[in-house]
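Take a look at these structures.
Same chain, two partners: chain A is paired with chain B first, then with chain C.
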Partner chain A sequence: MRDCGRTRWWKGAVTIADIKSSIGELYAIEQLARGASAVHRLHPMAKLIATAFYIIAVASYGRYDAGGLMVYAFYPAVMMAVSETPCRFLLRRFLPALPFVLLAGISNVLFDTQTAFFIGPVGVSFGVLSLAVILIKAWLSVTVVLILAATTPMQDLACQLARLRIPAVLVMLVAMTYRYMGILSDEAHAMFTAYTLRAPKQKGIAMAHMGSFTGQLLLRSIGRAERVYAAMKCRGFHGAQRLAPARRAAAADWVFCVCVCLFSVLFRVVNFSYLLGRILV
Partner chain B sequence: MIEVRNLSVAYPDGTKAVSGVSFTVGDGESVAVVGANGAGKSTLLCALVGILPASGGTICANGMAVQKKHLPQIRAAVGLVFQNPDDQLFMPSIYDDIAFGPRNYGLSEAEAEKRVSEVLAALDAGHLKDKAPHKLSGGEKRIAALGSVLAMRPSVMLLDEPSSFLDPRARRGIIALLAGIGLTKLVATHDLDLALAQNKHPVAQRKGGLFADGRASDILQNVHLMAQAGLELPLCCQASKRA
Partner chain C sequence: MHMADALLSPAVGTAMWAVSAGAVAYSAAKIKKDDLDDKKLPVMGVMGAFVFAAQMINFTIPVTGSSGHIGGGILLAALLGEFPAFLTVTAVLLIQALFFADGGLLALGCNIFNMGVVPCLFAYPLLFKPLVKKGLTPKRIAIASVVSAVAGLQAGAFCVVLETLASGITALPFGVFAALMQPIHLAIGACEGLITSAVLIFVYKMRPEIMESLQQKTKMACVPLGKTLAVLAALTIVTGGVLSLFASSYPDGLEWAVGKVAGSSEIEAGGGVYQATGEIQSSTSFMPDYNYKDAGEDVGASGTSVAGLAGSVLTFALAGATGLAISLFKRRTGEKGAGAGA
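Let's turn to the complex of A and B:
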């Protein structure tokens, strides 16, 4: 269905086809998350804690410390290889975040022009260095989160969030929004198809119809959401989501978790690249 | 067992969708509610499990009045299969969807898994287990929705247009499948062949009001009555009349 967005007669239908395809990709993550690699089989809580530790360690690096960050590529690289998460998937997912990251770092380039070091004849300013650090930090963090999402089903993550005493309402909100997004996009897609089939010469939705189109979409989604909710109530749903009871973490899960946390903290505290440099020189 | 006395249901906007309906479905009986589009069949079924409040009259399901305080027990015993399976299936996989009800009623994961396997085996749909609902065909969704309700082991099943969206073969399959489920059933439909397959009396509904109640063959083959309900005779009867 996602491919419809790319065929010719859809051109101009950018908005809705786009919503549809990005939500389709969201569900693609869910498909990935149903794999069976060693990473998939790790306990979700162990992965969640390890990921959090890793991100905190990466984020706490100084603004010019590009060298120190390099070793941190090790963890996502291993996770990616073992879980067989496609590299293209991770790269493509990072792209939307890129403009924001660049925006955050660009001012440094403009204001921090003092030269930090030379690569051959080219001087690299502190500003450029800090932009590189921001990029690396963002890329590492986004990648580990994506790997977490691509190896752990949403339901399991929500369940772990609940166990971490995050209020049930919030957890449910996340889980439900995730579900309803699919419903909303289905409705939008169906309405849009019906519209274009009867207005073949027109690109997208005419401005004059936009009001009633979005209004109808809202009403229909509300109706749909109500019926889905009724169906849930009919099967014993009382407002507090009873998620799949979590499996207990095994020793191996905790070994993994502790190793990653140690790795994150150790490399943060001890400057290995500096030590390595000292030994080699 | 379901007993409905003088039931009226109105939507918040004032539409009176059901008015003054009374009927009884005894234990183990299988009753069809037939009526044209908009006759109020779906509304009636929703009211039976308390999704829509009754604006008048009483409903008694399995010996309990359908009131707020009894709803959890009633919903455990009376399973409603929605008209549109897309409304019914909302979990990431068919497995999770069928396990949703049992988990909500406090079953352990092992027990829930056993239920899912049982249901899928009974429906001959083991291959759907790990599929995502939005990737199924209409007929497969229908089967999965049926399974999600069967997994709760209800004693009464309410089915809203179980044969819609199906091709002729799948439709026959569903009719046979339903015949094989030995529970108390109330089937809302305008598929008269399906109605005829329900062994007990159908009740016919027109513009919210019930106006006929009797044996399947009497009602469904009565040209006059059917015309009043806005329905046509089942094809098999039309053919025999013509011959």
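Let's turn to the complex of A and C:
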């Protein structure tokens, strides 16, 4: 009996730890963004354009072109090393994106069984090839976005969004949501701890209590929003947020941006890994 | 329900970007025109953060023992109104795409449409509002929440199916994919609806003015939904049509664009660099095109794939080694710098 109780306790503790760790994750990326490497110093707009161009180039690859895609691994590898973004962090963040990608990829293995080529005696089907392409694409596109976020502070990104003519309301919403999600998660964490202490033999929150629990969190959030509004009003808020002007892009920023875009197109046309393979094999 | 970049073609991705951008611009203009009091802006921002916090709390789904969390589109719409709710959901999705790898940058347009436009701009005004038109009661709130959440998630899941299939990355047949997605999202939608209704009823009992003021306000300023629909439909057709022009005849847009810039297409390359690169591409690429599949086995092709495979592995290793070398170099110089400093 006691043992059973203990495991349940342990399970409850895991869920609390989960919330705590996701709050930690929120702050982890913000701390990374405060670095001072060459990648951090690049102009945010140059990074944004380069990332968008890179992702479109990667997404434009055909179903089976795993070889051609390989060369695109250089960009995240170099950016990761120069910006000193830990690889484990990127891998951990990649996991939530996996299930849906895997569902589509594995179904390709089941439906697309024609053999593409042989590695020794083992035949590789087109489905397996397309699964590889999907996984590589997912890894590349997720990593470059995370590197962008881990090397650019939120205010700078918000500033660039405003420059891209994204409506001011939305830019402000993004900035505020980002600012407050840690605080409200702390609130949720505190409430959840209180709940678990009163219901120790239960994993998570019972469906029956979900309405009042979430509703309570909601009312607390609204209460906080009212206090936030009062504080903003005291500091001269009149319906629009002021953003600090961004620094002007230097020549080096544009060289970086143009290089990434050019190489994305070049390697889209020239199959680098095949050429390399032919030189050596 | 977040879609990933890996499953989308650039044509579908950018078309949905255009549609979602149109919806965002329309909503922002609408909010400005309705002269939203500036008190509402902080509430919207904090509500976006609330969705994050609420998603961290898992609830136990009865019988199954598994757990899930809420999406929040209908909930936000019922508390803020459709246009502020849509922009709040958009902000949440943008942050998820940038900082949490939940859906990618290219897929952001699709995700905003499936999880923002569909529940906030369609399900809420078309289902929720008419169902509570006669006045708010707990029963009406419950029915309206469940109906609109289920309908919103079904429509959203169906959009996921359509967008994925239009991209042509997965080999999953339409019927199988839909048969997988729709029932799963029926269950998720029912849960979402139940929780939404429970939260709304709780809020309605504790602070009735929050929801009542919204319902009265929207009754006075009725929204021209037909116009929204027309704008969105036009945007979809225009962008989808233009992009599918080259998406259909060529497997990918970028190749087409490169060919266009050079003044000729890839196969009948006019000359110069593009001819050379075109030749290299068509003669050497690992899997030259989709046609390759029909070519069957021949000795030349298998020879090609050996070089392709070796090159791929090597390229990947080289990329990794470059990264490793840079970080090792940086660490060494960093240590030296620290040593010199001490």
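Here is the rule we use: the second predicted complex is superposed on the first by the 233 of 281 C-alpha atoms of A that agree within 3 Å, B and C clash if a C-alpha of one lies under 4 Å from a C-alpha of the other, contacts with A are read in each partner's own complex, and residues count from 1 in each chain.
Here is the rule we go by: contacts are C-beta pairs under 8 Å (C-beta built on N, C-alpha and C of every residue); 3 or more make two chains touch, one makes a residue touch a chain.
A quick note: this is a predicted structure, and the numbers were derived from the prediction, not measured.
Asks: Record, for the superposition on chain A, whether partners chain B and chain C clash or fit.
Replies: Taken together on chain A, chain C would fit alongside chain B, as the superposition shows.
Asks: After lining up the shared chain so the two structures overlap, which partner does A:P153 touch, if you call chain B first and chain C second: first, second, both or neither?
Replies: The first partner, chain B, only.
Asks: Is A:T177 in contact with chain B, with chain C, with both, or with neither (first, second, both, neither)?
Replies: Touch status of A:T177: second partner only.
Asks: Looking at A:R224, would you say it contacts chain B, chain C, both, or neither? Reply first, second, both or neither.
Replies: So A:R224 meets both chain B and chain C here.
Asks: Based on the superposed arrangement, let me know which partner A:R34 touches: chain B (first), chain C (second), both, or neither?
Replies: The answer is first: A:R34 touches chain B but not chain C.
Asks: Does the superposition put A:M232 against chain B (first), chain C (second), both, or neither?
Replies: Both partners, chain B and chain C.
Asks: Please indicate which partner A:F213 is in contact with in the superposed arrangement: first for chain B, second for chain C, both, or neither.
Replies: A:F213: touches chain C, not chain B.
Asks: Between chain C and chain B, which one touches more residues of chain A when both complexes sit on the common chain A?
Replies: Looking at chain A, the partner in contact with more of its residues is C.
Asks: Please provide the least distance in Å between a C-alpha atom of chain B and a C-alpha atom of chain C in the combined superposition.
Replies: Shortest inter-chain C-alpha distance (chain B to chain C): 9 Å.
Asks: Once the two structures are fitted together, what part of chain A is touched by chain B and by chain C alike?
Replies: The answer is residues 179, 183, 224, 228, 232, 237-238 of chain A.
Asks: Which of the residues in chain A end up touching chain C in this complex?
Replies: The touching residues are 15, 18-19, 22, 26, 29, 51-52, 55-68, 70-71, 73-74, 77-78, 80-82, 84, 93-94, 96-97, 100-101, 103-105, 107-108, 111-112, 114-119, 126-127, 129-130, 134-135, 137-138, 141-142, 145-146, 148-149, 157, 166-170, 172-181, 183-185, 187-189, 192, 202-207, 210-219, 221-222, 224-226, 228-229, 232, 237-239, 265, 268-278, 280-281.
Asks: Provide the residue numbers of chain C that touch chain A in the complex, in ascending order.
Replies: My answer: residues 2-10, 13-14, 24-25, 28-29, 31-32, 38-39, 41-50, 52-54, 56-62, 67, 70, 79, 87-88, 90-92, 94-95, 97-106, 164, 168-173, 176-177, 180, 194-195, 197-203, 206-207, 210, 251-255, 258, 277-278, 280-281, 284-287, 289-290, 292-293, 297, 301-302, 304-316, 318-320, 322-327, 330.
Asks: Hey, which residues of chain B end up touching chain A in the complex?
Replies: 46, 49, 51, 72, 75-76, 79-80, 82, 84, 86-88, 90-93, 96, 99-101, 103-106, 108-109, 130, 132, 134, 148-149, 152
Asks: For a test of understanding, state which residues of chain A touch chain B in their complex under the given definition.
Replies: My answer: residues 27, 30-31, 34, 153-155, 179, 182-183, 186, 224, 227-228, 230-238, 242-245.
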